[in-house]
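What follows is a group of structures, each given as structure tokens.
The two complexes that follow have chain A in common; it is paired with chain B in the first and with chain C in the second.
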Partner chain A sequence: MSEHTVSSYDEELSGIAGRIAEMGGLAESIVTDAVTALITQDLDLAQATIGRDHRLDDLMHDIEMRNVLVIARRQPMGQDLREIMAATRIANDLERVGDMAKNVAKRVIAIDSDLKSKTLAIGVEHMTELALAQLKAVLDAYTRKDAEEAVKVRERDAEIDAIYTSLFRELLTYMMEDPRNITQCAHLLFCAKNIERIGDHATNIAENVYYMVTGKRLLDDRPRMDETGVEDKENA
Partner chain B sequence: MSEHTVSSYDEELSGIAGRIAEMGGLAESIVTDAVTALITQDLDLAQATIGRDHRLDDLMHDIEMRNVLVIARRQPMGQDLREIMAATRIANDLERVGDMAKNVAKRVIAIDSDLKSKTLAIGVEHMTELALAQLKAVLDAYTRKDAEEAVKVRERDAEIDAIYTSLFRELLTYMMEDPRNITQCAHLLFCAKNIERIGDHATNIAENVYYMVTGKRLLDDRPRMDETGVEDKENA
Partner chain C sequence: MSSFSGLARATDPIDQNKATAMENVKIAAEKVQVFYGETHAIKDVSIDIRARTVTAFIGPSGCGKSTFLRCLNRMNDTIDICRVEGRIAIDNEDIYDPKVDPVQLRAKVGMVFQKPNPFPKSIYDNIAYGPRIHGLVRRKSELDDIVASSLQKAGLWEEVKDRLDSPGTGLSGGQQQRLCIARAIAVSPEVILMDEPCSALDPIATAKVEELIDELRENYTIVIVTHSMQQAARVSQRTAFFHLGNLVEVGDTQDIFTNPVDKRTQDYITGRFG
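And now, the complex of A and B:
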């Protein structure tokens, strides 16, 4: 294999990592905008957020196609193959983070009224901050190939689940207090669920980073619960 | 290329299609059990359903790994490459259908009381029947490489969305009538959403079948709405 070929292979791999970083930055920004729109009831921002995930879709398809070409051209094995497969899966999770944010933005338009409670807004904001911090931490772990940090991210998801549980209960309480709150709170239940699931996607990414670096799967011994013992997960 | 090699390649491709068929059958059966457990409030069946999606996860990872090996060995192009990529994506959607069913089964345990309304049970059952019929139709379209049928499946998703919308409204009405219904109905909102999303996964599969057969992407001009104009979608 000529040096040129080797260098071009490295470029292919780093190109994929660069696109994952771009997707990560974009996903974080869309989540931030969607939740800001929710908290401030900014319908224009919500509307603007809804279209922004197309770029995530495009990047995901681009990464997928590049990875197929790299596999066909190079027949990678071991660590290299794990890197490529992890990138495909991480791109998929980041695209779904964008979907979650879009769902929240659409609910903002459906709600179309101020949030009934300041406590509620603080809860949603706090859960979003944690979810975004998780996303940032796991993408750093991906870039640095840091399996230990990936494990930590996965363990911290329990904090997000705990906040979700308390928000779920609070929303039910508002519904019981006044039937006029019910429609708004029903939409907010789904918003909270969408944000909680951003945390799940960060966990999925953490598991893929761990596998990419170590070649081993994390055992599923993590305690995961939300309200009344319901874990509502994907890829779980 | 020797005849043996050609035949072995065909075997690889048909092996992948066979595994998709197995995943499809399994996903349908898990959905049926989860919703039966919900309607009849059968906690044992719900508990038994929760563990059954592991096999879907295993099959998905197996399909993914086989596809990578086929791509590395054969460097497929055109129709062959599209078939392999479609299989990976379809496996992913079927695995998520299993997750949706598992979410419903977990809610059954959280609800742990009879459904308040016969109408509600009929609505949930009807939506599930439609979602399962969609899943079956789209997997037939995949086996027969029938792009036209895939388009029809995609169009029919609007029926499931319409039932979901009416269930959503009905659930809010029950909540408003009696605050004691609120907790159960909140869980049922999520159950209904999970079933509605099984329809979305059938739609995703339909789009992948269409792409696999024709090499073209279906344009996103399908009208898709649920309650109060909120489309809550993944991969949308």
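And now, the complex of A and C:
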């Protein structure tokens, strides 16, 4: 879009978009570190990752504050208004992504033993790769204001859900085979759930990007199914 | 900045939900052109204005908002060099039909101006003036009733009921504007046109007039020209955006301000114009 008559208004908006980008990069890196710490059982890395989550909280509050000020000063309309709304919600989702990663990092410390079977962790690692790719794609879509890409991200979330469901079954099988696996598998299960939630946040962001760009809501026609096998059309 | 110029657009403005507009059209304008001598001030404007709805006209200065508003009660007749073409119908009756008496029309379609313009008379006489000249009353008591109810509808009664004999010009700006609204109401109009009615008022007086507009909507069709987008967003249900004499886009106010279709509307409402 072209520039505002008042140039400081443009600066305020680009300042907010810049902080979303910063949050996005940080969230990606925290997720990567948390899962690396999990796979390699690196307690120091896990501890450091937990500490870095604060920065995401700070950025989110900063974005909120800036949005409030822009609303008060400029009474944004149209595309600008949608950008402000989207930024607030996307910042929230990214902050939650940080929380999910932090949960994984905390588990690393709680497990505090070598993973007996690396193969168990590989499933989680694979999910994480997909979730990170989703996060990256949706942040690109945000920066480029690309509604089509946002739609694609949203559609791809089903893949993560499917992997999570199969991982869930796999871990259950291990637990039944040998009760000594239970503790570790339970931890991994929680980690997997957290990663799956990161995918959901990427989907939320995609929906907000779509609204920001087009002014229209994506209709939720995707049936959801989680590991319980119960279809949930309400709580997408 | 985009490079749109004054190129004439397709006749039909964007109307985000035209289908429902058919139901309760109060004023229908079709292919209206207005010329001031050589100046083509309104270009082929067609719009349906809904009954008991507040419609806001927005757009940059000089785009023709006031000109088009004045067409709706033939106020342009009083400007010598002004020529109006096309058709404007209220309740399906052509208001430019030679049989129509402009004075009667203006009783049906009242107007409130930018600067409050009370007559240099008492508050009472300001309101009584219209009903008297239109011969709406026989007895003094009827006139008293109209004065009281008009002031009540305009939300001014409590403030002035004890000084109806004092001059209207002695009221505050905001009170004067509500007096002018009361004066417009006194002749039982069906439509009230307002041309930037709050531009000379402070925020509190503005809020009172806006509150009043919202109440009046129940009984009147209101068209308001405003240069404040926030005001349009607050008081209207429908918004029409004019640019260089063209009606560019008309739609539900909520759509115009959150998701306008035309690039020119977007640029204007977001503060990116020229």
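As a working rule, the second predicted complex is superposed on the first by the 223 of 236 C-alpha atoms of A that agree within 3 Å, B and C clash if a C-alpha of one lies under 4 Å from a C-alpha of the other, contacts with A are read in each partner's own complex, and residues count from 1 in each chain.
Methods note: a residue touches a chain if its C-beta (ideal position, glycine included) is under 8 Å from a C-beta of that chain, and two chains touch if they have at least 3 such contacts.
Small disclaimer: the values here were computed from a predicted structure and weren't measured.
Touch criterion met: A:81 reaches chain B and chain C at once.
By the touch criterion defined above, A:47 reaches neither chain B nor chain C. Using the contact criterion defined above for the overlaid structures, shared-chain residue A:216 touches chain C, although it does not reach chain B.
In the superposition on chain A, A:107 contacts chain B only, with no contact to chain C. In the superposed model, A:29 makes contact with neither chain B nor chain C. In the superposed pair of complexes, A:182 makes contact with chain B only, with no contact to chain C.
The wider contact with chain A, measured as residues touched, comes from B rather than the other of chain B and chain C.
Of the two partner chains, chain B is the only one touched by A:96; chain C is not. The interface of chain A with chain B overlaps its interface with chain C at residues 75-76, 81. For chain B in complex with chain A, the residues that touch the partner chain are 64, 68, 71-73, 75-76, 81, 85, 92, 95-96, 99, 102-103, 106-107, 109-110, 168, 171-172, 175-176, 179, 182-183, 186-187, 189-190, 193, 227-236. Taken together, the chain A residues at the contact with chain C in this complex read 1-6, 9, 74-82, 214-216.
Against chain A, the residues of chain C that register as touching in their complex are 1-2, 229-230, 233, 257-260, 265-267, 269-274.
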